[in-house]
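The structure under discussion is supplied below as structure tokens; questions concerning it will follow.
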Amino acid sequence: MGYEALKQRVCEANKAISRAGLAILTWGNASEVDRAAGLFAIKPSGVDYDVLTPDDIVLVSVESGERVEGELSPSSDSATHAELYRCFAGVGGIVHTHSCAATAWAQARRGIPCLGTTHADHFYGEVPCTRALTREEVEGAYELNTGKVIVAHFEKHGLDAAQMPAVLVACHGPFVWGTNAAAAVTSGITLEEVARMAQLTFELAPEVGPVDDHLLDKHFLRKHGAEAYYGQRG
Amino acid sequence: MGYEALKQRVCEANKAISRAGLAILTWGNASEVDRAAGLFAIKPSGVDYDVLTPDDIVLVSVESGERVEGELSPSSDSATHAELYRCFAGVGGIVHTHSCAATAWAQARRGIPCLGTTHADHFYGEVPCTRALTREEVEGAYELNTGKVIVAHFEKHGLDAAQMPAVLVACHGPFVWGTNAAAAVTSGITLEEVARMAQLTFELAPEVGPVDDHLLDKHFLRKHGAEAYYGQRG
Amino acid sequence: MGYEALKQRVCEANKAISRAGLAILTWGNASEVDRAAGLFAIKPSGVDYDVLTPDDIVLVSVESGERVEGELSPSSDSATHAELYRCFAGVGGIVHTHSCAATAWAQARRGIPCLGTTHADHFYGEVPCTRALTREEVEGAYELNTGKVIVAHFEKHGLDAAQMPAVLVACHGPFVWGTNAAAAVTSGITLEEVARMAQLTFELAPEVGPVDDHLLDKHFLRKHGAEAYYGQRG
Amino acid sequence: MGYEALKQRVCEANKAISRAGLAILTWGNASEVDRAAGLFAIKPSGVDYDVLTPDDIVLVSVESGERVEGELSPSSDSATHAELYRCFAGVGGIVHTHSCAATAWAQARRGIPCLGTTHADHFYGEVPCTRALTREEVEGAYELNTGKVIVAHFEKHGLDAAQMPAVLVACHGPFVWGTNAAAAVTSGITLEEVARMAQLTFELAPEVGPVDDHLLDKHFLRKHGAEAYYGQRG
């Protein structure tokens, strides 16, 4: 008891990734964390979005990655979510999909450079692409190791998860996040659109480079910085 | 009071850019000017299209670019709209979006040449792409300067806003216009389709050039010239 | 009177091209001919598909291309339709659109080769692309001359309109036809899909050639020949 | 009598391929086999999906490929389905479409390499593309020979239909399968998405190779192997 609102939000976020075209069949999952309780709510594995109900949502321990409540098995990607919640303190919700355009970049093993203000409004620089996992990482605790490779990439490149709410796992696809599950869905929608635009841009201008830092700063910070002025302020 | 019809039209135009797929999330805004009153009505910043009502629409002074009525903050792009209304006398409505195909051209920093009659029916020649804004322009009055760069591009190249109701701002995206907000939406829909077609055309024939002037004249003028014969005439 | 059923079918065909995504805004028109009466029914110019009613449909003389019944002005492309009805005896319905993929081929000034059975099921060989019209043809009776250029292309290349129910007019877009207006819509839907597939195919295999004649014959003739066996036979 | 449930499932599977965008017009068919009865149920030829009812579904002998029940003519591709049911013992349902992205690969006469986990989750390696049929094969029992070419390709390359539920027939399009008709539809949806992703990937990275075997094994076997752990287990 006590997690009904959380399960309701996570159920809705999972339906939202289907409605937004980010996931077909059962190819995606959304979660949201309750930091105080040390658990997160996540989609059960292999269940269709249109029959999903809040009661189906599974609760998983952040620390162990193990199920703590729910009849169904949690998403097979739960260990990745758990690792990201453990290491990225400000993250409140996570979405994983195989959305088409973003996955194409992951399969090409390329990060998505910031080519315009659409990108700069949400992602503070190039959306990174990790290395592929090694044989040992794949044959071992694969989903946990996926999380570890993401975190290591952010640490190695000095990336801040609060300013870069997305990553492409090479040969796999995107993980995105936000302050809660709904915000993570917004990151997923934005990433897919930015990936599509960047693909078209490179077809028109293969040699194009990222935007100037002053434009990136302006757009990211007018929405996300301390002096943000986009949207309605209290 | 007295602006209910104007707000209603602007509300509807904002919903139309969402329905037409020109804007996802909150990535676009439409406005319409009342020249006699010296103000324009525009979408509030960061509000979802599906919950938008006419009462949410904000009134902004053409001269100052400042809000003159409305509880919500106007679109962060209001200063760009104001500058365009000040300098392009015949413009009655403006739409700004990040529609995917048009934005790809803006990110590629290329104008869209007139490759066929679909384009020539609406745009009298190549849809121009501005230069990128300088550091000073970005760090200063950014949205106002965006408008200034557009106007300067039109002046420098002798373009007539009545015959070229669209521009791509480099590294950013399209601004389009028309005699009112609904006409501006039509310009946006047309630009997006023309951008998509031109991209496909260049993939099939990288060396293709613009259509002959006589075909451009024929198509543009049969719809827009003094002797236009497309559509229903009074 | 007596043309209610014809107008009803033509109204429905025009709505169908919008529903099928072949035409946005008012960018397309469908017609159907009554050979005995020497007239065809066609969409009025510039009217939205969703408000179109059978009463709006205009009757035009095949011989003169002039309106013979209806309050509204007929489509500006009526003279092209009339020319095709005069010269292609077996054609019962015609559709003109600016559908995106087919128009891209027209803008690239390339015919669409038969790359597979999807194409061969409907079009007996490469969908041809005409030459561009000359200045004189454009500045003169433009829409009539568009029809003449199509007919001349078919004559010059020995094409049979019954076996090739589509053409691309260079720098413009597709005209398609069939035994009635509904069949012409089917030709338009098929052409658009075949155009999209061919574009993707050339991106994957720029050097690919058309299918063998025996495959083309098999597929076209199993649906359209004297010994056709596709579909339900009486 | 006794086949009502089978016909119902096959009717629904045919509607599903239309809804999923795998088939426009009448360009696809789904079937499901009753191994004990030695027959399969399949769509009638040339009937629109939206008017299709279970009573329209035709029963065909697996052994002879001939109709054994039903008023309508079965799909012209029935002989291909029959051959696949005869030779691929574990297959319970088959779908044939001309879905756009997969057909483009078939027209390019290329198999689709496994470029990521989306592919590896469903197809155990490269989705194969057959050779084109010879003149004799096309002019003879064409649809039967299409099945024979598929089977010969699988035998020659040591492919297991249970692990590779899809094939591209060169110059034609995809055939996909599964344990029943609904599973075959899932294979078709997955193939189309994987084909689209692979096309985009090659545009971004023309030199990219297939994923490592350990990643392929991990993803395919976590969903399909003896120790599968994706989805809900009994």
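Per-chain residue numbering starts at 1, and chain names A, B, C and D are given in the order in which the chains are listed.
By our rule, a residue touches a chain if its C-beta (ideal position, glycine included) is under 8 Å from a C-beta of that chain, and two chains touch if they have at least 3 such contacts.
As the structure is a computational prediction, the values presented were derived from the model and not from experiment.
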{"item": "Chain whose average C-alpha position is farthest from chain B's own", "value": "D"}
{"item": "Same vs different contact residues, chain C with chain D, by half of numbers used", "value": "different"}
{"item": "Averaged-CA centre spacing for the pair chain D and chain C, given as whole angstrom", "value": "33"}
{"item": "Interchain centroid distance [CA atoms averaged], chain A/chain C, Å", "value": "46"}
{"item": "Contacts with two or more other chains, residues of chain B listed in rising order", "value": "203"}
{"item": "Chain A contact footprint on chain B (complex, rising order)", "value": "24-27, 44-47, 72-73, 76, 98, 100-101, 103-110, 132-133, 135, 138-139, 142, 171-173, 199, 202-203"}
{"item": "Complex contact set, residues of chain C against chain D", "value": "115-118, 186, 189-190, 193, 196-198, 200-201, 203-205, 208, 211-212, 214-215, 218, 222, 229-233"}
